[in-house]
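First comes the structure, then the notes that go with it.
Order of writing sets the chain letters: A, B, C, D, E and F. Residues in each chain are counted from 1.
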Amino acid sequence: MKAEDILSEIKKDYVLAKLKDGERIDGRKFDEFRKIEIHSGIIQKAEGSALVKLGNTQVVVGIKMQPGEPFPDTPDKGVIITNAELVPLASPTFEPGPPDEHSVELARVVDRGIRESEAIDLEKLCIEPGKKVWIIFIDIHAVDDDGNLMDASSIATISALLNTKVPASRFGLGEDFKLPIRDLPISVTSLIVGNKYLVDPSKDELSVGENTLTITTDKNDNIVAIQKSGGYMLSEELFYELLDVSARCARKIREDYLKIII
Amino acid sequence: MKAEDILSEIKKDYVLAKLKDGERIDGRKFDEFRKIEIHSGIIQKAEGSALVKLGNTQVVVGIKMQPGEPFPDTPDKGVIITNAELVPLASPTFEPGPPDEHSVELARVVDRGIRESEAIDLEKLCIEPGKKVWIIFIDIHAVDDDGNLMDASSIATISALLNTKVPASRFGLGEDFKLPIRDLPISVTSLIVGNKYLVDPSKDELSVGENTLTITTDKNDNIVAIQKSGGYMLSEELFYELLDVSARCARKIREDYLKIII
Amino acid sequence: MKAEDILSEIKKDYVLAKLKDGERIDGRKFDEFRKIEIHSGIIQKAEGSALVKLGNTQVVVGIKMQPGEPFPDTPDKGVIITNAELVPLASPTFEPGPPDEHSVELARVVDRGIRESEAIDLEKLCIEPGKKVWIIFIDIHAVDDDGNLMDASSIATISALLNTKVPASRFGLGEDFKLPIRDLPISVTSLIVGNKYLVDPSKDELSVGENTLTITTDKNDNIVAIQKSGGYMLSEELFYELLDVSARCARKIREDYLKIII
Amino acid sequence: MLKPKLIVDGKRLDGRAFDELRPIKIEADVLKRADGSCYIEMGKNKVLAAVYGPRELHPRHLQDPSKAIIRYRYNMAAFSVEERRRPGPDRRSIEISKVSKEVFEAVIMKELFPRSAIDIFVEVLQADAGSRAAGINAASVALIDAGIPVKGIVTSVAVAKVDGQLVLDPMKEEDYYGEADLPIAFLIRNGKIESITLLQMDGRMTKDEIKRVIELAKKGVMEIYRLQRDAIMRKFMVEEDEG
Amino acid sequence: MLKPKLIVDGKRLDGRAFDELRPIKIEADVLKRADGSCYIEMGKNKVLAAVYGPRELHPRHLQDPSKAIIRYRYNMAAFSVEERRRPGPDRRSIEISKVSKEVFEAVIMKELFPRSAIDIFVEVLQADAGSRAAGINAASVALIDAGIPVKGIVTSVAVAKVDGQLVLDPMKEEDYYGEADLPIAFLIRNGKIESITLLQMDGRMTKDEIKRVIELAKKGVMEIYRLQRDAIMRKFMVEEDEG
Amino acid sequence: MLKPKLIVDGKRLDGRAFDELRPIKIEADVLKRADGSCYIEMGKNKVLAAVYGPRELHPRHLQDPSKAIIRYRYNMAAFSVEERRRPGPDRRSIEISKVSKEVFEAVIMKELFPRSAIDIFVEVLQADAGSRAAGINAASVALIDAGIPVKGIVTSVAVAKVDGQLVLDPMKEEDYYGEADLPIAFLIRNGKIESITLLQMDGRMTKDEIKRVIELAKKGVMEIYRLQRDAIMRKFMVEEDEG
């Protein structure tokens, strides 16, 4: 057995022992997020950007925009392209190379939150119907994975979109304007351990098994995306409970960190 | 030695012992194909399709068509693009990933049969000379490899082409019409064992070594494609004999299964 | 320890022992190149070409040209694209596959020599400003790596460019004309062993460690490219000495082999 | 493209009731080379599943000394959709393969086969919304056909919200124009739904709607489960007849 | 493009008779690093072959405990054809590499070198129809230069049907506009043609024509074989002179 | 695009003197998961470096029984430059990774860790000329933060020739329109510059100019070196405070 496996085993036992006592290893409540820090606009060369720290987890999201062709079935709407890079700088387990299943899932779940909540008013990003619309590249760059990259990425993405300026003047398309944002989708990820949940799990907590449920809600508490991730069985009751928990946590994040009138 | 290697060794001995007695392990004659079943049109979303069963070997071929640019040196002819996927569902030895030498060879030999027999009247697939012609995508999807994917693919391909409708109306190019087919190339593959041959070899028979010769003939018994495959020495006499055998077998398949006036 | 490692160890000791006595294993002076042979125009299908032998090291460079789009920031200049293939035929250590760090470095250093010396008059390769210019593909094909592919490639590249005809007539763009060359950049690579240098190292010499310094100069002895390659420490004094040595060697090569009035 | 009306006179475009599945056909043991296999049609979806294993896993450093590694590959044939798709995995296939793999990680008794691999391959020959559910339903039968010990049968279906109405097992138009789509899979043991093994959603629904979705899905999977069971029964009865 | 007349006054475009080869130049032992090597020109084809091995094969699980693994890589330089080609293998190269590999699998005494690899690399510096044959001819000499035990020399050539006429060793125009092309390789032992090691064909020919093609090819390879033998002789005579 | 005047009234576009660095900010130990890390800003460059190791190297046949393998990956974020760049390594990144790796091969006491790997990862979040130097400066601090024995601190900077004038630490416009660019790194031990560990150049300069470039670079790196040292000091002082 390798040293790191033994360490992981010890952490797991500790998390489970605490859990039996109804506690989390860092003293948080079960529905409590770690401390959140949002640094908006840190990449001046991007149209929008944010560095989000969720405890020790850190994600940078950059938004780039350029004119391009619309999809044939939505000729009058802007296009969103979301990509996530789990670069090896961020974790000893990440490897260089094309996106693997983890980064694909991360990008797609974040993308669904933005897309399904209709957070961006894509109609306003049409330049010439059927010919030219704004393409929005959302690039998620994980830099420190101390657990729950999903929610860190979700918060960083909406934060970056909120400070995005459409670079119209650079392309001779009139004056720059703020990206029209009309909702604030927030994902909330819980670690599932038996019939218990731990919101915003840290890497140490995830040593018990990476079984999570992510629920994304919009500003009106509608559910806009769900993703069960991990090889485990989920009970219906816990799922329904987490629908409430997630909406509540998302509302709090929205109020505490994204106080913006939309 | 692994269990599967031992099993393969036993099969090989059995095939060779039978062969000494002038017999095949499944009782077929040396120039006899396994039972052929052709299910045409099974993929409604494709312009043409066929599932072919050759004994237990199963191949699905789907035909897709769309307008595109002609090759510069044949500005007034349609374009054929043939691709084969040996998906891991079909055999314990197939691996996921880009086409390897086996699937490339399969696609190219089938393609040559179609192309060199001029089975498709490509001139009739010109929409606007030099600018726009019909592109025909032939996609060969192996689903069960019990030996001789080559001939199963060849039969499935011509069967699929025979039920292909050119989707002109979908692209605003007039009425749909039947793909103009004017020949029925059929490949016949033989396993070579010393100076003997076994037509349409099964997987068990191929355990003696994957040394084959594929000869494709058109409806007038012309040879339109040959492919020696496998690291073995072929005698001239056997080759000449197989030219006859292959033409005979192909004729029978054409008559028994593809009774279509062309 | 593998046989090849032991052999390499023995070679290394021999090189170092000789070096102590102030000698090279093949009797060359420290600033002496191996015998150079240039065979120009050997690839008739290319617009320009050269095979260069540097001792036993052999490199073929082929030049292809075709009209294409200029870079947006140099709308009135031709485009240079340089690529190097270290094919496994050339060395037991080369592997098939996309360019690795060695071939990328080789291509980029040769490219910089050509580009920064402004050896090609790119303004004369503009066909229609902003729309169409000549694209020059420089393809470096290593065929025998007996050390110092860098300088062999550099000499082969300028030699190939010198016999390049712009194929204007093939593209209906007027008469063919000689590629306008106005400088003769030559790279000189030295192996660094402690505070000693060996110009144009052979493979055997490189067994002491592949620590090299490449300095490319133009016809006026200006330095146009430098590349330190290998994990070693270089002293300032040696670097300055090599600036002189490299310019001197390059001048000699230019005079001995590329006697062309520019 | 103009969105068509998807519900007309209380019926769906293909005439189905809101809680009605598309026609389903399931056949086990359809491939010779695979250790287990299954063919399924759910509406216009035509899907093959094959299971290989437990078998040796290469390279060795990927082996897990405590259990079998489960691999799942969801793949679409080039001709399976309207526009020819380029062969090879795209991002959608990668995600579907991941969540489907996790379904079976929870269900296969993988501790029985340390150091080995169990491979599940799903080939979509024709797709029409719901192909991931079809693949999971077929894979579940193929696993049993392969004789691999499982905790129960997994059954999957999707529920969509279209024109404000929740509908079971959406076909392509409902999926494309609908307001929400929720694919789900359950573990069924002794004929009873035990727990959720796959759960995804995109669209926009209230908590209340989601609860109704789950109820609708449960109705659907019980019907599919019976067809899976029948297919398995038919296969083993044939074997006994032959035996 | 209009097809030109390929046969004029009973002669081919380059003045050759129907059964005449293009000029051939063969030189053995032209590369230092390779264990064996050969350079060949067949008409405008300019081709290098190198042999490395027998040598250790990595990763280990690819090793065959009973014999050497033969690998063959046919590769075209970017500048070898009219239009610059993008480096790396395309489908044509992959197929040629496969059938050429099989030629040498039949000919190398690979049982003598269990667990090892013998690598044959062919680089086409200039191509003009027949580069696969040129590569095989060069590889065969390179193998002997490398001292690898073989059952004989392999010699390859193509025969084409152009304007209804069978012609030996077609050049590019004949290959491009011709009605059929048949590349073939034979094992030659003690100066006698023994059997066929490579055989491919595309086009349209009768059985009778094919028999005549084979006869024509046999005439061609015997001439090439003599040049291969000479190249090998020259190399060993040089070595003796030097020794 | 017209080249702007880069030197006006003896000052550079951003008001700097010829021998003046851009503002620099260095912070050590900024990442939790990495064994060592560093964040640096040099002008508009924003760069993170992380060190992992010494750690086991897979696959085993890549291990060196006599020393650690050093790996270095320089990577630019998609949003780090004006036009969004496609993720993944391009030729420029591959070359920078190679020469940067070699810097640390010369400096890390790699003989102490046979069979293992030491990984250095550099992520450029924003680039503005000089990102390779920034990466090396950050990596050098990250190595010390990771406790990996080194022969000294490595410090890197570039010098450019613009409008005929040699200038220290060029920003993007100077790099783009300048006549020459020379990135260099030195090993600094006990506060003294000892030798050159990275050296590249493109452009056109005389020997004499290059000597002046080196002097200018030496002035620059000594200033950067002090900031690296301070960052390391701050980090260890914090640890002592906490300890």
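Annotations for the structure displayed:
FYI, contacts are C-beta pairs under 8 Å (C-beta built on N, C-alpha and C of every residue); 3 or more make two chains touch, one makes a residue touch a chain.
Worth saying up front: this structure is predicted, and the values here are computed from it rather than measured.
The chains touching subunit B as well as subunit F are D, E. Within the list B-D, A-F or C-F, B-E finds its counterpart interface, over half of the contact pairs alike by residue number, in C-F.
Relative orientation of subunit D and subunit F, expressed as the C-alpha superposition rotation angle, is 120° to the nearest 5. Of all chains, the one whose mean C-alpha position sits at the greatest distance from that of subunit B is F. With centres set at the average Cα position, the gap from subunit D to subunit E is 51 Å. With centres taken as mean Cα positions, subunit E sits 58 Å from subunit A. Rounded to a whole number, the gap between the C-alpha centres of subunit A and subunit B is 49 angstrom. Listed for subunit A are no residues, as none touches two or more other chains. Of all residues in subunit F, those that touch two or more other chains are 59.
Pairs of chains meeting the touch criterion are A-D, A-F, B-D, B-E, C-E, C-F, D-E, D-F, E-F. Listed in rising order, the residues of subunit B touching subunit E in the complex are 73, 99-101, 104-105, 107-108, 112, 115-117, 213, 218, 221-236, 239-240, 243-244, 247. Considering their complex, residues 58-59 of subunit E touch subunit F.
On subunit B, the positions that touch subunit D within their shared complex are 42-46, 49, 56, 58, 60, 62-64, 66, 83, 85, 87-92, 96, 98, 137, 139, 141, 143-146, 203.
The residues of subunit D lying in touch with subunit B in their complex are 31-34, 44, 46, 48-50, 52, 55, 73, 75, 77-84, 87-89, 119, 121-123, 125-128. Touching subunit C in their complex are the following residues of subunit F: 1, 70, 91-92, 94-95, 97-99, 101-106, 180, 182, 187, 194-207, 210-211, 214.
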